[in-house]
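Going in written order, the chains are labelled A, B, C and D, and every chain counts its residues from 1.
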Amino acid sequence: MRAPQIANPASLIVELCQQFYAQGWVSGTGGGISIRQDGRVYLAPSGVQKERIAESDLYVLDEAGTILEHPQQPELRPSACQPLFYNAFRLRDAGAVIHSHALPAMLVTLLYGEAFECTQLEMIKGIEGHGYYDKLVVPIIENTAHECDLADSMAKAIADYPSSHAVLVRRHGVYIWGRDWVQAKTHAECYHYLFDAAVQMARLGVATAPARRSTDAGLTSAAASSATTAHGRV
Amino acid sequence: MRAPQIANPASLIVELCQQFYAQGWVSGTGGGISIRQDGRVYLAPSGVQKERIAESDLYVLDEAGTILEHPQQPELRPSACQPLFYNAFRLRDAGAVIHSHALPAMLVTLLYGEAFECTQLEMIKGIEGHGYYDKLVVPIIENTAHECDLADSMAKAIADYPSSHAVLVRRHGVYIWGRDWVQAKTHAECYHYLFDAAVQMARLGVATAPARRSTDAGLTSAAASSATTAHGRV
Amino acid sequence: MRAPQIANPASLIVELCQQFYAQGWVSGTGGGISIRQDGRVYLAPSGVQKERIAESDLYVLDEAGTILEHPQQPELRPSACQPLFYNAFRLRDAGAVIHSHALPAMLVTLLYGEAFECTQLEMIKGIEGHGYYDKLVVPIIENTAHECDLADSMAKAIADYPSSHAVLVRRHGVYIWGRDWVQAKTHAECYHYLFDAAVQMARLGVATAPARRSTDAGLTSAAASSATTAHGRV
Amino acid sequence: MRAPQIANPASLIVELCQQFYAQGWVSGTGGGISIRQDGRVYLAPSGVQKERIAESDLYVLDEAGTILEHPQQPELRPSACQPLFYNAFRLRDAGAVIHSHALPAMLVTLLYGEAFECTQLEMIKGIEGHGYYDKLVVPIIENTAHECDLADSMAKAIADYPSSHAVLVRRHGVYIWGRDWVQAKTHAECYHYLFDAAVQMARLGVATAPARRSTDAGLTSAAASSATTAHGRV
C-alpha cells in the first residue's frame, strides 16, 4: 500500500530533517531528504543546517528538474544531491529518497568491497522484497570529488542491483529510497540498523552470515561448522 | 505490588513507543508493546512507524485473541507479534510484553549458544526473583522466516526456563514481560543494560562472571567458583 | 562558592532524574539523587521509575534519617541507597549525592583493581581539588547482595581516600557527591566522562596515563618512552 | 556568504549550549561557544553548567577584551577560554569559536602525533577550502595546567597550519571556528564526525587513508599512493 497523501510535504521534510539530525544522519549540513508527490519534487537547498530548515527554505521542482518555487533567501542553491535523488525517482519510481552520512553507513564501505552483504538478520525483513533467509545486497560505488559526478555510477548500480533500495557511496554515506516517505524512512532505519550491526559484528569478530547448519527447519544445531567471514576488507 | 490501574492503556502505549523508539528498541517499524488489563489486550498494528502511532491506530482484543476494536485505518493488520505476546499473557499471566530489536539484544545472541548467562552484576537485581549472586539465564530460540512461527519454540522456552522473564530470538531481538507495564518496562531496561554490558565486556575481553579471588573482604563465598567465560561463541 | 539556595529541591530532583535517565545513569529504577538543604534531606523512594517521579513521590528526612514527610503512595519505601547517601552527607558535608548505574562507571570496575586511576586528562580539573597533572583516584569497593550492606565499606573508602568525591562499586556503579547539587552534578559529569574515556582507551589499546616526558615545561617530545598501562585487569 | 546578522547573540548562545550539551561537547561545565558581532564579543562565564546558562549570565566584551556588560551574578568570572577564543577572532577574523570536550576529539589526540590527518572522507568537504581528495590536517598542541597558558602555542599552531579551522589540544579537546556561527557550527559538526570516524576506524583496524587500487573505475589518480596508516600512536 502507498502511504496516504501528504498534506504538506515541506512541513514533513522540516520535521524529518530534525529527526534525522538527532539520529546523526545529516550533521554538518550533509545528507537530507527529498519527497515527490503529484509531479512535484520537494528539495532542500545545498549546504544548510538540516535541523534548522524552514518550510520557506525548500525548493519545489517538477519531475524534469525545473524549479517551480524558489526559497525566499535568494543566495541559496538546490542541493547537490538533486541528480542522485532524481535517479531514484526516475529509475525506481520512488516517492522519497533519503541521503545519510551516518557513521555506520560510511564505516561499512570500509569493510566491504563491491557490495555490502548480510543474511539472516530479522531487520532484513523490513526491506521490501526480502525475507529473513535472503541475502541482502547493497552496491557500493566509489566516491567522487563532486557529488553530481556520482549520478552515472549510481544509475549503473541501480540497474545492476535491481533488488536493492539503496546505494552506498564509499567513504561517504548512502542513498535510500522507497515508494513513499514511510517506506523510504522504514528502509532507512532498517538499512542503518544493518550497517551498524555489521560494524559491531566486525568489532566482535563474528561473521555477518551464520555458519551453515545441517537442518534449517528445526534450527536446533546452533554450533557453527564453517563461518567464513562475509567481509573481505578493502 | 501491581502498578495502579492504567486510566488509558492506548495513550500509554503511544507514549512508551515514542520512548522506546528514542532508545533504539523499535526502529524500522519493528518491536513494540502490548498491554493487558481487565481482560482487554491493547496491540499495535503490523508494520507501522512505532514513534508515530496514534491511539486510534491500536487494536483492542479479548484474552482469546478476538478483535474487539479495530483501528480507524481499514488497511491495517494486527502485529505479527500477537501470538508471541499472548504466550506471555497466558503462560505467565503477564500484564505487558515488550518486543525489542535493540542492537545489543540482537548482538548477544551471536555471542551465546542456548542461553544468555551472567552473574554478579547489580542490574540483575532488577529482574524479579533474582539476587546479585544468582545466575541470570535468558533462553535463546532460533529465528524463523515468519514471526508467528516463533510461537511454539517461545512457549517451550518459557516452560523450560521458568525463572526467566524474557526470551531472546537469535539474530532478531527479545521478548520481555512483567506482571504489569511498570515491571515489564523495568525488566526491559535491566535486560537491555545487561545485554549491552555483555557485548561491551566481550569487546574489552573481560568475562561476564568474575573470577574467584583468594583474598576478598567484600565478596562472600557465593562468588563464582571458576572463571570460565560464560560465552561460547556460536 | 555554594550554589544559591534551591527554591524547591523536590522539583529539582524530578527534573534531574529525567536528565540522568536520558543519559543512561538511572535506568531500570536504579540510581538517583538525594539533596540536603537546611537540615532536610530529599530522597526518592526505592524501585520507582526515576524519569517518572513526581514531587509528591519524594521523602523528606532530617539529618538523623528520621522521615519528616511521606510520599502520598503508602506502599513506597525510602531508597535503599539512603545509608550510602548519608555517608556523604555526614562524612563529607555533601549537599547532594548522585548514584549512577551508567555502563562506563560499571565497566571501569572490571578494568581496575582497588581503585580507578587516571592523570593528565583535562576533565580531571572539573573535580574539586584536582589539577591537570594530578592523579585522580577513585576507590572501588566490592558489591554486596544488599545495597545497605555497602555502607561500612563505603565509609571506610571515604576515610581512606580523602581526596575522592566518589566511590565506585564493583560490577554495580558509582556514588558521587559535591558541596551542593551543582558541584555534585559537575563532578558526576566529569567522573562519567573519565570512566568512559578509560573504557575507550582500553579498547584502543592506549594507556590512561601518558608516557613520561623528559621536559614537562615545553611538552614538545610527544614520543612515548615507557607507557606501562595504568590498569591491571581484575 | 556570511550568515545573516544575529538578532540576539546571547539568546543564540543559550540555545546552542543546550544543543552542544546534548551532543556531549560541553559536559561538566567544560567547553562552550563565543560569538563576535559588530565589535562585540559574547562569552559565557567560567565553570557554569552550559545547558543551564541564561542570557543574563553572559559577558559582553569589546574586541580588545574589555568587559562591556557583566552578568547579573557578581561572583562569576569570564570563561578561562577567553584568550583562546580571541586567538581565532584576531588571527582568523572568526565570527564564532566553539570549544568542545567531546570524547572523540580528546581520543584522536591519543592516536596521532603532531597533527590529526585524514583524506578521502566526504565530510572533509564541509571544511572551508577542502575538497574530497585533500588531506585535512588539524594541529595538536600539548595541554597545560592552566587553560590560559594554551594561548601562545595555539597562536603558533594557527600560524603554522593556515588551512586549518581548528586546533586540537592533547588529552583535552578542540577549538573550532568559522567566519560566522553557522560556519563555526558546520565546521564543528564535520570535524567531530571525522574525529569519531578516525577513532572507529582505529578500532576496526582500517586506515584513515585508502590504499591505491590497481583497477578502480570510480577513483581518479588523486587517490592515495600508499596505504601506510596515517596514525602513529603517541
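For this structure, a couple of remarks:
Everything below uses one rule, namely that contacts are C-beta pairs under 8 Å (C-beta built on N, C-alpha and C of every residue); 3 or more make two chains touch, one makes a residue touch a chain.
Keep in mind it's a predicted model, so treat the numbers as computed, not measured.
Common neighbours of chain A and chain B under the contact rule above are absent. At the interface between chain A and chain D, under half of the residue numbers appear on both sides, which makes the contact a different-residue one.
Taking CA atoms, the transformation carrying chain C onto chain D includes a rotation by 90°, reported to the nearest 5.
With each centre defined as the average position of its C-alpha atoms, the distance from chain A to chain D rounds to 29 Å. We define each chain's centre as the mean of its Cα atoms; on that basis chain A and chain C are separated by 41 Å.
Within chain B, contacts with two or more other chains are made by residues 203. If you check each pair of chains against the touch rule, the ones that pass are A-B, A-D, B-C, C-D. The residues of chain C lying in touch with chain D in their complex are 1, 120-123, 126, 131-133, 182, 185-186, 189-190, 192-193, 196-197, 200-201, 203-204, 206, 210-211, 218-220, 222-224.
Touching chain C in their complex are the following residues of chain D: 27-30, 47, 49, 75, 101, 103, 106-107, 110-111, 113-114, 142-145, 169-173, 199, 202-203, 233-234.
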